[in-house]
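Naming follows writing order (A, B, C and D), and every chain is counted from residue 1.
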Amino acid sequence: MRYVALFIILLLFWLLITFSLTIENVIVGAVAALLTTALFGKFFRHNLIKFLQPQRYFWALVYLFVFTWECVKANFDVAYRVIHPAMPIKPGIVRVKLNLKTEIGKTILANSITMTPGTISVDLIDDELYVHWIYVSSMDPEVYSQKIAGRFENYIKKIFE
Amino acid sequence: MNLAETISLILIIIGVLFNLFGAIGLVRLPDVYNRLQSATKCVTLGTCSILLSLLIRFGFIDIGVKALIAIPILFFASTVGAHALARGAYKNGIELGGKSVKDDYKEVES
Amino acid sequence: MNGMSRIVKKVTQLLVSIIFMYGVYIVTHGHLTPGGGFAGGAIIVGAFALIILAYGSDALKLHKEEAGSSASESLSILMVLILAVIGFFVGGMVFFNNYLPTGVVGELISAGTVPLYNIFIGMEVAAALLTIFIALVIFKEESK
Amino acid sequence: MSDWLQILLYIQIGLVVFCLIRVIKGPTVADRMVGIDIFGVLVVGICAILAIQTGKTFIIDIGIAWIILSFIGTLTLAKYLSGKNLNE
């Protein structure tokens, strides 16, 4: 089952990257995708039922816009701190508790946190994410958990769980 | 100079500007983790913006679609590289800079 | 815990097959775009190196893999030689003769034997670099 | 349009100097690694601007290959930095 899904994804990737629909191209792509599936199929471990539910794609689209907006805001924030002559930074490493269960959700959340304002994920141990923060604005775990992870957690819960 | 060319030129200017901020931060900020912060975020978003301008300039032909494919690969590669570098630097025993106020990761290490 | 952190492992699962596929694309389009056998082989070996880095060398069944990669390296360089010698006998007395029909310029299947050379050289380079990488890893293990 | 692109290309190439400053000056090994990592991403930007200037498709191919190889190199250096052998 998951081998078939990997084969379809790889064939789609091949067609996009070569961008031609001649019959030879499709045959060569199918052979290459078969080879790749035989070699690396056992490393593709995802739950595939979720691929077939259309509302997840809708939330993924919404999440894409929210994430892009946060990302642009993050960059202006960092640019301000870099350009400012006195460099208003107050760095530290804080511990954030996550409410997500699946592995892929935690990974996507950690990658998103790396791209948003002044935070970069250092390590993931069980349910706790260690985050390096460029400006520690509060010492209360509740407040900063909400501030760092709370914005994305609801969307990711709808997409991946 | 039509509309698509103008929009793509503006996107390239924004991208190069973000790259400039990231590079300045790479030189100015005090310790490894802060440098990683500024450099990764600004440079990745700037490069994504330049690649997106290719899609807008040429439309959905092979060159634009290839640039569109490059964006998610760049996103995953750059964020995971930054995460691995930060973790490796901490494991190597590089301390946080002098201005730091809080360190929760220390108790895990010891 | 074996290997690197869990984030790296999960992203490796997503990216490794795409990296391999991209290497195959560079190899098979070697006569149309820059690149070809050597560059594609270097990208293909990147996929295996990524798995060894993220999961540790137990994931690939190390000792068996070394014998396999060494054998496939020898086999593919032998195939290149056989292709060249066939060209020697088929048309004129020219080594590396291009005896297959050359198609239209710009098509995927064209240029006679050049794509076949590209594919076998790609296999050769990937197997050789993988052998070197695994040999370095094993050497580090034994020297401790 | 093309004059602007030429100027932006020169600025983007000039940014590489900042990375090299960090590679030369960096007090620790990790600083130098950050410089090399960012260097790789900047080169992808240079490839993209060249592609939009010339309109050739294959330059994007070079960019994607550069992303992949730079990613694997960064992971190798990070693993070396965290004090493990490469095979565990």
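Please note the rule applied: a contact is a pair of C-beta atoms (placed from the backbone, for glycine too) under 8 Å apart; a residue touches a chain by one contact, two chains touch by 3 or more.
A quick note: this is a predicted structure, and the numbers were derived from the prediction, not measured.
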With contacts counted as defined, which of the two, A-C or A-B, has more C-beta pairs across the interface? A-B
Between subunit A and subunit C, centroid-to-centroid distance (C-alpha), Å: 30
The distance between the C-alpha centres of subunit A and subunit B, rounded to whole Å, is 14
Rounded Å distance between subunit C and subunit D, as computed from the means of their C-alpha atoms: 25
Rounded to a whole Å, what is the gap between the Cα centroids of subunit B and subunit D? 11
Numbers and ranges of subunit D residues touching at least 2 other chains: 57, 61, 64, 68, 75, 78-79, 82
Where in subunit B do residues touch two or more other chains at once? 24, 36, 40, 44, 62, 66, 69, 73, 76-77, 80, 82-84, 87
Can you tell me which residues of subunit C touch two or more of the remaining chains? 4-5, 7-8, 11, 18, 22
What are all the touching pairs of chains? A-B, A-C, B-C, B-D, C-D
Which subunit D residues qualify as touching subunit B in the complex? 1, 4-5, 8, 11-12, 15, 18-19, 21-22, 28-31, 33-35, 37-38, 41-42, 44-45, 48-49, 51-52, 55-57, 60-61, 63-64, 67-68, 70-71, 74-75, 77-83
Which residues of subunit A touch subunit B in their complex? 13, 16-19, 71-72, 74-75, 78-79, 81-83, 87, 89-95, 110-111, 114-115, 118-123, 125, 130, 132, 134, 136, 139
Note: in the complex, subunit B contacts subunit C through residues 73, 76-77, 80, 83-84, 87
Footprint of subunit D on subunit B - complex, ascending: 1, 5, 8-9, 12-13, 15-16, 19-20, 22-24, 26-27, 32, 35-36, 39-40, 43-44, 46-47, 50-51, 53-54, 57-58, 62-63, 66-67, 69-70, 73-74, 77-78, 80-82, 84-85, 87-89, 91-92, 94
In the complex, subunit C residues that touch subunit B: 4-5, 7-8, 11, 14-15, 18
